[in-house]
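Structure first, commentary second.
Labels A, B, C, D and E are assigned to the chains in the order they are written; within every chain, residues are numbered from 1.
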Amino acid sequence: MSGSRQARPAEKPVLEVRGLSARIAGQEVVHDVSFEVPASGVTAVLGRNGVGKTSTLRAILGLVERSGEVLLDGVRVDGERTDRIVRRGVGYVPEDREVFAGLTVAENLRLAERRAGSGGRAERSGTTAHGTTAERRELVDALFPDLVKRAGQRAGTLSGGQQQMVSLARALLNENRILLVDEPTKGLAPRIVTEVAETLATAAQTVPVLLVEQNLQVVERLAERVVVIDAGRVVHTGPARELLDDPELVQRLLGVSAGETEVAR
Amino acid sequence: MSTLVLLLATGLGLGGLYFLVASGLSLIYGLMGVLNFAHGSFLTLGAFVGLAAGNLVGAGTWGGLLLGLLVGALTGAAAATATELGLIRPLYNRHIEQVLVTVGLSLATVALFEGIWGPNPRNVTRTDWLASTTDVLGAHVPNTAFLNVLAAAAVLAGIVAFLRYTRYGLIIRAGVENRAMVTALGIDVRQAFTLVFAVGGAAAGLGGVLATQSLNYVSPHMGASLLIFAFIVTVIGGMGSLTGAAVASVVVAVLQQLANFYLNNTGDLIVVLLLALVLLVRPSGLMGRPA
Amino acid sequence: ACAPTGATTGGSGDGESAAPIDVGIVYSESGPLAAYGAAYKQGFEAGIDHATGGTGTVAGHELNVTYHDDAGDPEKAVSQAKDLIGKGYQILGGTVVSGVTLPLAEQAEQNKVLYVSGPAAVDTLTGINRYTFRSGRQSLQDVAAAGTFVDPQGAKVVVFAQDNAFGQGNLAAVEGVLGGQGAEVSSVLVPEDATEFTPFAKKVLDAQADMVFVAWAGATTGAMWQGLDQQGVLDETTVVTGLGDVATYGAYGDAAEKVSFLNHYFPGAAGTDTEAAMLDAVEAAGGTPDLFTPDGFVAAQMIVHAIEEGAGDVEAMVDALEGYTFEGPKGETTVRASDHALIQPMYQAKLVKDGDVWTPELVDVIDGASVAPAEAAE
Amino acid sequence: MATGGEPVLEVTGLGLTIGGARILAGVDLRVERGELIGVIGPNGAGKTTLFNLVSGIYRATSGRVLLAGRDVTAASVAVRARAGLGRTFQTSSLFPRLSVAENVRLATQRRLGGSLSVLSFPRRGDAASAEAAEHLATVGLTHRADAAAGDLSHGDKRKLEIAVLLAMDSSVVLLDEPMAGVATGDVAGLVEVIRSISASGRTVLMVEHHMDVVLGLADRVAVLHHGELLTCDVPERVMADETVQSAYLGTTAGSAA
Amino acid sequence: MNRVTTRLGGLALLVLLGCLPLLAIPVPGVLPGYTYEPGTLQLLALCWLTAALALSYHLLFGVAGLMSFGHALYFAAGIYGLAIVLDRTDVPLLPAAALVLVGGVALAFVVGAISLRVTGISFAMVTLAFAQAGNVLVRRDQGDLTGGEEGLALATDGVPAALVGVVNTRNLYWLALVVLLLVYLVVLWIERSRAGHVAAAVRENEVRVRIIGGRPYLTKLVVFVLAASLATVVGMAYLLLQSGASPATSTADFTLTLLVMVVLGGVGSRWGAVVGAVLYTLLDQRLAELAHSEAVAGLPAVLRIPLSEPMFLLGTCFVLVVIFLPGGLAGAAERLAARRRPGSDPDGSGPAPGVPAPEGAVA
């Protein structure tokens, strides 16, 4: 686990983004963004509010109008429909949880399980490094016992944090080539934040994670590389340590002044 | 006594008819949020085409009726599928516009049907059994009442099973809430929605052919005239609740029969009153989820 | 450019001694009653031909007949009437729908133009105003004809009708006509929009009437007859109704043979020379004679007569029509001077099965005077 | 720190049961004028529910809510709002198609009167608009004033919620996770905004999972757990509590938060 | 500056429309004849009244977001109310109109107070139900009041002679124009008022309005009653223009046509509602001419049958507008205007140079 923090020798990247732009309601909000996500470990996307982090993730999935190239395992997918891209093995934890309020917790999870045959390549080959579907299920159950208890409850009546758990669980239930995770710890109690961070760390050993996160402790704990976005453009990429160890750079890119990661005590 | 029996039995039969019309409407409305004003047109089209097919085998024969039902359902499904693909899907996520498009479609199609088949109702030849009555406790109950109730029960069971025991049911319910997210889970939600429309259309086509058996006519306006009750039944029953629609169909029809007979033809007014009352007391309908 | 103050009719400078006369026909070319409209129009064209001896001119005036579709919608009809009146038309005709005919009569009165209404049977049109005439029969005549099937004195008559203006009007007519002749009239009224009326059929049966008068219109007619038949009403008593247009013959199903029909007209009913001329003309023009063909024909006869007597002067035309008696397709026809009721013969008929289709057969001709409506106060 | 001793908000035996499920039970809480209370607790503990009951979104199945001594248990949301209660939502709830400025304006306008009048017109540059602009400046959204609220990014919506709250000028303010999704670089600024709200004599209740923020701001910290109020005490003592440590903060308390 | 030109433009248009009865302008294919002819004036007057009615619906639907399927009820209340009062009493026109308006307000208040207890599609259905009840009552001719499907003629005794008869069509035309102007101004007024702003806010997010201390229910009720009263006023003018009442005006179908007009013009746009209504009325009245034209009669059946059904053409038109012209005519006009003004990109965040042309972009 401790080794996960070191950059690995250059493997073929799982995800390559080249010159990606995204438009929302006729306005371009992401401009010409390029970066790569290597075969394992966490790559964090950082930036202030409204700079286009979420939009970048959504553009990769084709959930917003986009142009540019997106390659998954070397294959261009930017012309494909979202569901196709996802079935190639992309797990997504959206920013606003987006649980299906009218369905029960169990139904939410059942829906998320991609069945063999409809899943990504790995899925078709049966048991993988991530174990079987059943094993993944156990892992998720262990991580969020609350959800087991509330299997029959309508997701809309869950507390904010519980909904976040459902959203995470949906992504973790499947065999993925990559996870796109948008602010997973938002609204979670400190104890759960720690647990989620650990889970992501474990997952990242085999599946690369592209993580949007504001909590710098979590970034520090997980990320190997960072991509910093400002005003819809990539303004910095590099190893996480390099950024976090340089207070001046943090101040310049993220607007956090020295010592402020501990926030106004 | 025999009058009351007759009122109840025919009320039940009428309820079956209402449900046959409402089932597809309620399905599409409940699941996709599209209040489909063109539903009546699916029904009319199914009835015309179904009857024409049935007449090839023989008007007034059971074989003809069965073929008519099949062809009617297929016609309804085809029309609905075309509507979904051509008109509803491009308006993805614009619910009001989707409703409006169906309004436009219903206006256009009724006029088109008039152009093709003429404005006047045409009479239907039924099998001898359907044209006669069965004695129940001294009342001569028209056999179409039995047919309607049976068919309604079958359609209800069929659709509920489809929703409950197929994965599509789940996909559809989730897709209604958040289509983008279902897609982001790797599911092609569009097929599911098209399927809903097709099933709804099939129910309409089936209902259309069956309706001609009790109405004894087929006309370009038959769909539209039945639609208003289908709307009412759908809302009273609770959005998206098929069982609710079924219960509401029976309640509305029986109440209507009784009020018409005993309360000086006030059936329609009573039904409207019932609708207002139900919505005020339980805005989500009899069996809808509380908001 | 400033508008001329008076209305002008364009393009009449062809040197003829008498100016052409404009006749505007506002009728249902489309809409729910387009079939009636078609029969009316065919009859009208044949009538113009007949009355002008094929010349299309009356007393040197060329007739300029224009047809306008109101689609059965009063709003459109009024717009068209105003347009025509504004363009200087003094003669309007047409309409098959009661809801349209009344507003047009209103326009005729407001603007003092001659209006000859079409098949609309509404009784209130009779005596409504000085400028309005009718070319068809009215409900009271239907009812009086129904009265010829039984002896009204002391008979128990049940009116089975829809609970709308048409049904209520018929009920009132029966009460007035047959009630006046000593019948005991009661009614079973069914909501207009109802699709299931079996219990009402039973109610009719339970009333044990000597005669049941059925006044029904619309799509549910077939189901209504089945209901009456299924509950045994047709076997128990004399059931009388009006025989409609050809398209409705099938609606009775097997009940047809058990029903006694009063009839305004069916092709071949009259057997007069005028009728023969009308039938020939309509068929030659590719039309199909039907229930309301004579209404159009008679309208043409009346309009041509009015022009002959008083072209260009509405008051003179009205005067010419009041009391006018002529040989219509149905036989001797009179415009009653006091209220413009159109006195004409009616028929008793039955339907007989001829292979797969039903055809009407004449049972009896009812003399026009014997079924004339009571005079309406103007 | 609380000094007055006059309770502005008083909650006694407050509870909510939905379909047999006990969501909240027997919560007693007395908040004094000018106090800033941090509300913490595990996810699903009932924090948002408490806010919903106090603001009237839900009706309590037991207990009472007193606002400035007045019993508002049965009062509608609007009545409570007019009586001086304001709140933000955990998931942003704005007028998506109205502009950012209009969102704020509606609140100032309501306060300045005449919102139901068809005889008065809003004008640019009138008192309500000027005030709205001020609040937008406070939360740093001036540059987005004309954007539709629905077009804002997640973090910016949180800021807009605060601006609307400022505009309402409520005496009691409920904040539901104001920092969730706010960029780390902006947290300090928002903390200052909240501090100034509190400093202006208003009473603040704040649900927040950022412990640094809670500890930096709160006079007292209330802990909810399984729908019950465990404690409400000064931060030092609450943080030392064992249940709080294990159920909420977790073993690595402080380091991950 | 911009505002001044729009106002001047509006005024000029109004003057022009006001002068139409004095001019002889032919618009072939659109109008039945010269603009001074009664038939043309009647059609135009009908357009103005329909536009006024559509504006009142715009207030309900476009501003407050209340999708009612029963707006026809208040229009019919105006028509039948006035027709009945004039028919049954000797009250002269103006007092009668005032009386009917009071009645319309009361009716709207009661129905609104009940139906506004539910929202969304339920609201649409309850209003539909009430309107349907009204329609049933009208058609049943209860107490001989409404004349059933035969309708009711205008009793002209109480009406000033200047408003009766074809020769006076131009007076009716002016009346209709004044009603339209009046309704437009009232709607403008309400939209600009604070209540209008709150109504728009309610449309967006009701809970939020409550949280800032507003009263959504009252706001909606105010708008509902105002819109209904306007409809009642238009209804009374309509009675005078048509000199008769017909039950078709009380049907749900009629409300649907209003919806169609407002959507055609562009939801939320006042001008859109007006233009949509005028266009709809012209098409509705004139398409029949096209349908019966000889050009159509000569076509093969596959083309002839659809083309000879006006409603088919209208319905199809409408569907096409909804699909291809989001925002209706107003939206299209706006887009066109925006294209004319290049560089109006608000914050200059247009595509940055060097961005590859969007290729295979999917939404």
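Things to note:
Here is the rule we use: contacts are C-beta pairs under 8 Å (C-beta built on N, C-alpha and C of every residue); 3 or more make two chains touch, one makes a residue touch a chain.
Chain-to-protein mapping (UniProt): A, D = Branched-chain amino acid transport system ATP-binding protein; B, E = Branched-chain amino acid transport system permease protein.
Keep in mind that what you see is a predicted model, and the values were worked out from it rather than measured.
Shared contact partners of chain A and chain E comprise B, D.
Of all chains, A has its CA centroid at the greatest distance from the CA centroid of chain E.
Look at where the CA atoms of chain B average out and do the same for chain E: the two points lie 31 Å apart. Between chain C and chain D, the centres computed from C-alpha atoms are 76 Å apart. With centres defined as mean CA coordinates, chain E is found 44 Å away from chain D. Centre-to-centre, using mean CA coordinates, chain A is 78 Å away from chain C. Within chain C, contacts with two or more other chains are made by residues 30, 163, 193. Among all residues of chain B, those that touch two or more other chains are 114, 265, 268.
Residues of chain E touching chain D in their complex: 189-190, 192-198, 200-201, 204-205, 207-215, 218-219, 222, 226, 346. Contact residues of chain E toward chain C in the complex are 21-25, 32-43, 46, 136, 139-141, 147-151, 153-154, 156, 164-167, 169, 242-244, 246-248, 285, 288, 291-292, 308-310.
Remark: chain A residues 61, 63, 81-84, 86-87, 90, 92, 94, 98, 100-103, 107-108, 110-112, 114, 118-119, 170, 174 touch chain B in the complex.
Chain C meets chain E in the complex at residues 1-4, 7, 29-30, 69, 71, 73-76, 78-80, 82-87, 98-99, 102-103, 105-107, 110-111, 122, 124, 163-166, 168, 192-193. Of all the residues in chain D, the ones that touch chain A in their complex are 18, 40-48, 90-91, 151-156, 159, 177, 180-188, 191, 209-213, 215-216, 247-253, 255-257.
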